[in-house]
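In what follows, structures are represented as structure tokens.
In the two complexes below, chain A is the common chain; its partner is chain B in one and chain C in the other.
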Partner chain A sequence: MSTVFTDNKTDTIRWTGKSIPRKEDDRLLKGQGRFADDIRRHNEAHVYLLRSPYGHARIRSIDVSVANEAPGVIYILTGEEVAVLQKPFMEIAPPPGGLMEDYCLAVGKVHFMGEPVVAILAETEELGRDAADLIEIDYEPLPAVVDGQAALQAGAPLVHEEAGTNVVWHGVYDWGDIEGSIAKADKVVKIDRLHFHRFTSTPIECNAAVVEYYPGSGEYTFWCNNTMPQFAAMFMGPALGIPTDRLHFVTQDIGGSFGNKITTYVYLTICAILAKKSGRPVKWTEYRTDHILGGSHGNERTFSDIVVPVMADGTILGISAAAIDDAGAFPRYEPLGSVIWSQVVPNVYRFRDVRIDFTQVVTNKCPVGPNRGYSRLQHMWMVERVVDIVAQELHLDPVAVRKQNYILPEQMPYETPNGCVYDSGDYPRCLDMALELIDYPKWRERQQTARGTGKIIGIGIGSTLDSGTNNFGQARIINPQLPFSGNGEVSNVKLDLYGEVVVTIGTTPQGQGHETTAAQVVSDILGLHPDQVRVLIGHDNARNVYTGFSGTYASQFAVTGLGAVQGAAEKLRREIVQLAAGVLQADESEIALRDGSAFVQGQEERAIPFIGLANIVFANNATMPPGLDVSLNCTYTYRPPFKVPDVEKKFGNLTLTYSTQIHASVVEVDEETGQTTILDYAAVDDSGRLIHPQIVEGQVHGAAGLGIGAALYEALEYDEEGQLLTSNFYGYKAVTAIDVPMMKTAAIESPSPFSPNGAKGMGEGGGAPLHAICSALQDVMRQKSGAIIKDSYNPSERVYWLLQNAEKSRQGVSVEESGHGL
Partner chain B sequence: MSNTPSVSRSVAVTVNGTTYQRDVAARTLLVHFLRENLNLTGTHFGCDTGHCGSCTVIANGKLIKSCMMLAVQADGAQIETVEGLAEPDGSLSPLQQAFSDAHALQCGFCTPGLMLASKYLLEHNPNPTEEEIRRGIKGNLCRCTGYVNIVRAIQNIAADSAEKGDLVK
Partner chain C sequence: MLLKEISYVRPHSIDEAVALLNSYPEAGILAGGQSLINVLKMRIGAYSTLVDISALEELKQIRDSAEFISIGAATTYDDIIHSPVVMVSRPILAETAFRIADQQVRNRGTIGGNCCYNDPTCHFPPLLTAMGATMQVYGSDGMREMSAEEFFVGYYQTALASGQILAGIRIPKPKRPYGDAFVPLSVGGTDVLNAVTVTAHVELDEPGTLTAVRVVATGVAPQPLRMTSVEDFVHGQTGQFSDLAGAVATFDMSSLEPPSDVHASGLYRRRMVPVLARRALKMALEQVRRGYRE
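Right after this comes the complex of A and B.
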């Protein structure tokens, strides 16, 4: 495998691999972070958004005349004016999804509860809110469609009449020979329906921005917390009719995103229009209720007609299923989720024959967007449910079935049926470690002794991958016209005028510790202490380097971000060595770097500090040794080794690294109430070579915490009219400290042979707690009457229902003795 | 219809030992007063319902959510915010250091509120059990850490204080 560490380091200290104190902590612990809502501009005005109370309604009229006269009102923007000022946002999908028109404010009708309808700019947010109360909107409510399967029925209400259908995208993924598998299988397990529910990560910092327009240059500056700014620019530039380089994004500290802050371009467009109209800096900070109503939800997915050919020993040969993905009212980042799941087609298993008939639809619900584990966790949850249901129905041990089917370490790198290349990993070992952490035999015993006590113990496994560093070429499987492929991040590492090492990256960290890990990498290459490296954090496309992929999403920083930092630091090192060799009249091979100085090895008195080198280049260049062309200002773009996927066959390597997450959970269910308590929990991860083990472990904890929340407490539930019933933290029960156990963790390091440093992207997790808790609940049901866990969301009432209604839950689940084709 | 013009009131609020006299709109929430009138932006605004806890401060010795109190109600009050936690020389207090050591913060947005909640908890219960810690911070949501390292940080500081016999700062 390739290795990170430069061979010619002058110091034996290696900062990478150590859990050094985070550079970010000091300011954050003192309340000195700079988050988007902390930004103030002179003479700023405030945006208040009046949102739709209906899931689906025609707007008959909007009367703002009284509100216009209210105190402090500066400007009121409605959809009627937006339709003139803005072109509909670009759509990623070809038709029919590509025909769906998306504006920053509702034009003509509202498509979901919480859609912004009127934007009020006022001297204060409170005055804007007061004025909103004076706006009269006449709505004509329309029937709503709130379920993915219902959206496909003939006569279903159309969310976008202009598209003529609720289908955003449809495609059939077919690899191997599923019919052949079914014909030769000993048994065929059929499951009529599995449902992955809608939830979201609710970063504690809501969306926010201060937006300023400069008429002299036609430039807009967005001090904001968008986490993929050039993606936003790609939508906003054409919508506003301006070149994208007039859109200047600045991010600093960001209070969590988990993918949810990628699609904020809709709101940034409202602010941009208001900033230009008013000539004032415009400030917008989202309320929590608005964030949950109209921010970004996770994809809801219904799987139907699942057919699983299996051998008698539990070997799974393949899976055939239909998937209906509910994107909410507007596609936005979608339909990328309709292909992104295929990064992990067989999850961690060896089966080769797969057919998924995938349809994505719009409904009258909040638009979805990337959400931790994005699109892969839905698919891997289905696969994990299949494994547990197969084990139960065939009377096999779920642990044994997993081991029977896991891809083995000696098969690495392993090419999946659709051409993804799993880089490294040891799934059986991770599973063994997880089982050891929970003391599996002990719980199997306790399970027996608990019988008859009214408490049922269940043990469950969640095996997942966290695929990272996207090959954006996979977007072409959705739309062959899209000019995207590969990935990349860029970094600049330089000496400043006084010899300080300064690093910039195009990323938008939200707690992942980029300042720290970038400093570790640079320190190893330049022979410094991380305290001697200054990392300027955040994206700033007017001042700093960036690529079109820049941002922080999709488990990739350790590969793309640190790959770029490594390349730039190595370039700077070469320049420093060249310059020092010239100044010290030594051979380049004799120069070593330590503690901010370059010196001749063995003759340490022959040395020059970085400040001396910087002085020569920046302020004293008549003394430059002849023949040198150095800038001490080095930029490097890391580009992963990708090819454009085969669009016809839907085949290719879709991500560069595949981290492993194997979780084991022990739950106890109270038979009288259905209440589920987690008794023990273990998470074993393999993220390749670890740059900062503590940061990696912290993200494992975080992903597990959110996953446990989603499995047991958190759901975005709509009624049939499209009313969101869980629109704030009263209804949406974000997990608290008393809901999450003190989980146990362990890690192994299977270095990636493909990444520049052996590391793998991580952080999203694969939704392992959803899989592990459903698996444990299945283990509970197995001991009672064999009810089938068919939903990813299992609050007490559902668990109670399952205990009482095993037969109903089993409807549509069958085992056929031999395969007779589909 | 609520188009009542804002009524301004004069308040004197002591924050981290400094008394500030300001005219504020009567409906100004304490969290906005701290952030916008005093520019103490370490106290964060994360929800509009009093659930997330990122605006947690200590007011007259009580742990409160500053989005649930009007600035005018804080007239004459003693408020402690995150900006007052560090040592006079600017170094981290033992509590802050414990958070850093245990990697109890990632994005850092919920952290100020959680530290105030932790401070309050430890002042009232210097040796809490894990369950008491979890109950003590259950009003503060964190989406990054799964609470694991936050609980550990508080356990560590409690153990340290028990060993050294000093009060938690």
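Right after this comes the complex of A and C.
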């Protein structure tokens, strides 16, 4: 059950803010959705990718001679040929990361288990796979590096010899005066190490594409499910040596992405080369194991030397830490994660003095890519761990410590130490609501009565932000040469030939309900029912509007996408009103719109339906009222009010909106086995003005489910040779519906003063379940062994050992009197 | 299709199935395919012919008699779950089948397949061992019977010889109050993968003492492991027996050498055996006392 607390809402808004039935559900629930793998082209051929069985190995030789003669084989592509046909993909990083060479197939050596080594194009996928069995590859295994800290050691194996180091990017973020804080603090809490583990989001639909090359125009068409196509184009055009406008991306229904489908350009490049080589449309659909092995993983991050100056009352003054981010074998979207975390430097807290020494490294593991909560959740998890550890070690109440340190509603808009401007929110109220939903006093009581029963109850809080609508200028903090800043999305809203209202947007929805919410916004502006608005979803850069930022990622559609839709619909409304006023010989101020007609207010018989207006413009334009220049075809680009950040100081507003998630979890741990069961769970969100509360709640459930899975069940674990031990659902225990508890949700609406509609992006969530469950487990340990929860992943066995022996986890955790300096 | 090219034959009788198994080299038995197809998909199985027994009605029957329930090897989990005979006579079979994977898997997966795969995380090998089940093996020389303990010989290994089919499983119907327990430790979410499982069976005889005690651990040894010292300790005690810790303490846990893998360390598995054994015994004893499964 969801409770929505709404502030003031006007009566003239009929559709925005209501949970109307989703327009997409009819086709999706009937199995009539059209996904990338549903695309068929005449004479298509199929791609099978032979992948590396090694984490790190030199390729001595590849013999495809037998496979070439196998039935149905059309073409076999290896790294040797790729090195001739493709320039290494562009790197976002300056050197040393910028020196790392990335090709679509392994060239010379393999860098991670699952890296594509040979691409076989065949008449069927099965024949391709059979032929792959006939390919002989002579590998010379090399020592692997599979840990971020180990990658920095002298003598560590180099993932990319050409870079001379495993470091992708290094930078020191230093705001305020951490030394001063440490000097004036009552206590200094030190934590030697916290580790945020590697997991992914498991979209139901794996990656897929059909790629066709037209020799006549030199154009490639990609029917695919990439969710940020112009980012892909930016990498692929230079790599293939062609203008990016020859890369035509088309998306349709997409079965989830969570950011994981942003970096598929590597695979699309393989398909492009094969399509041109063969003259055939080529089709590639990933297997689940391939997806887990070689898709896109979430960033693993190790925090070390964490120093937290604290006052006796629990006021946290700042944090100093080193962060080592493990990007896997190739940077790709990285090192953007090395700055994106700084959108939420103090999380929801008031502390001002922060120093983070940030290093991103490559290892012999699958490359990472954006993953729900991308880069911020790792950082906010660390901050939430710090809060709970401070509370435990100083014998303070973790709820009280949070309230003591929360940024207060009256401080909004609040500028963080690095210049980010939290637009609105009320964290204490959200926390109170979450505690009320779980009946916090009841559980504190039950915690007592459970003592001695072998079950230990823990209560935990996760307070987070979902920062949405990136200012791409933050990329310049990584690399000042990058020509990016701001953000934006574009929409076209028009009357079609027979007066239908048609909306297109540059986005790539993957379950977020863009058709529905866009129709709601347009309906309110044009006086229609959402059923009367047709929204054509999907990115199509040859036929549709788009910007360089177009796509669906980073919690921004409600702001940028709907901002664009709103702007375009308002433009169209002005044109409709102008035209209707001319036709009806009335003043523009007298014209109103309702149910697909324009009429003169108070004289409703003086009306013209949209079809009549469309007829004038599109098929009868000699009757156009004089002096008018309307097209009824309106495009608007929404541009958020951003400035370029100060690159030297690493200072500026990095995102436009900051929605809040406060989660409260109650867990029960079986003392004898370490098994954790969730007894109660509440999620309170503040996503600003809600366009469609049910869609928002669906996102809350989804993000919570993924977070719970990551906290308890899901880990991408490699052995020391770089073998992924969890490459299918037998090993990678993806969360299922029965593992997700019944959730209590509530929302408040603190409208964003900066977004065009008061809404905030909220699709990612801030990883709050990871924080809340670790917090609850810390509450369990506080009653028993006093162990410190130092890892974001806590399966039964880890909890068991923490209960058995706290010593190991307590090593490196200390509370010191201040004045020691760093 | 993800498999290598493979021949497929679908016999009309168990005799024909055995004949086919003996006439094709590298022939394997396909029943529900919930494990076999995955293995073939990974191209680590080496069969060139699949003999599909899933349509053989004679292997899909659940039969009731005075002494036994007989379950055909090709009976699906879902059929076991919905069998009135099972529900009346040995409901633990249905309760356990219901914990396997999801409905799609339960629609296809079979009890015989579960036994023949004999993965240490499989549900039925330890359960059938605790229940004292008899495995009916059919070959060219006719039907042969062996105990579950004889049948499950090692990791992924059974006593089934090449050319033989597991035709059915015979499970005794106790004539006196009894208790059955299946206590798994799932790593991952709900009933996802049982790293260690302990099953237990007890019966209460006329004088009121415990008999036919079987306690079986799996996931810690190559085959479902009878914890005989625990069984001996409990045997002959009264129905009110409650010294579970004492009973379990008789077993030398250090003798176990469980595997370590990504799911759980060997040491953790070993530590879980006494915990689960106590719980399984407790559950079985509670049933015996209230005659729940009488």
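Just so we're on the same page, the second predicted complex is superposed on the first by the 809 of 822 C-alpha atoms of A that agree within 3 Å, B and C clash if a C-alpha of one lies under 4 Å from a C-alpha of the other, contacts with A are read in each partner's own complex, and residues count from 1 in each chain.
Following the convention adopted for this analysis, contacts are C-beta pairs under 8 Å (C-beta built on N, C-alpha and C of every residue); 3 or more make two chains touch, one makes a residue touch a chain.
Computed from a predicted structure; not experimentally measured.
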item	value
Which superposed partner A:Thr726 touches (first chain B, second chain C, both, neither)	second
Contacts of A:Gly698 with chain B and chain C, given as first, second, both or neither	first
Touched partner set for A:Leu628, first chain B, second chain C, both or neither	neither
Contacts of A:Gly256 with chain B and chain C, given as first, second, both or neither	first
Partner chain(s) touched by A:Leu134 [first = chain B, second = chain C, both, neither]	first
Which superposed partner A:Glu126 touches (first chain B, second chain C, both, neither)	both
Contacts of A:Thr673 with chain B and chain C, given as first, second, both or neither	second
Touching partner for A:Ser796 - first (chain B), second (chain C), both, neither	second
Which of chain B and chain C A:Glu717 touches, first, second, both or neither	second
Comparison of chain B and chain C by chain A residues contacted	B
Set of chain A residues, in rising order, touched by both chain B and chain C	126, 130, 133, 287, 730, 736, 738
Chain B partner contacts - residues on chain A that touch it in the complex	19, 21-22, 24-26, 28-33, 35, 37-38, 40, 70-71, 124, 126, 130, 133-134, 201-206, 253-256, 258, 285, 287-289, 510-513, 694-695, 697-699, 701-706, 708, 728-730, 734, 736-738, 740, 742-743
Chain A residues touching chain C - in the complex, by the definition given at the top	126, 129-130, 133, 287, 672-673, 675, 709, 712-713, 717, 725-726, 730-731, 733, 735-736, 738-739, 795-797, 800-801
Residue numbers on chain B that touch chain A, as the complex places them	1-3, 5-6, 25, 27, 35, 39-49, 51-52, 54, 81-83, 85-86, 92, 96, 99-101, 103, 105-112, 115, 130-131, 133-135, 137-151
Chain A partner contacts - residues on chain C that touch it in the complex	1-2, 4-5, 43, 102, 185, 187-190, 192-193, 261-265, 268, 271-272, 275
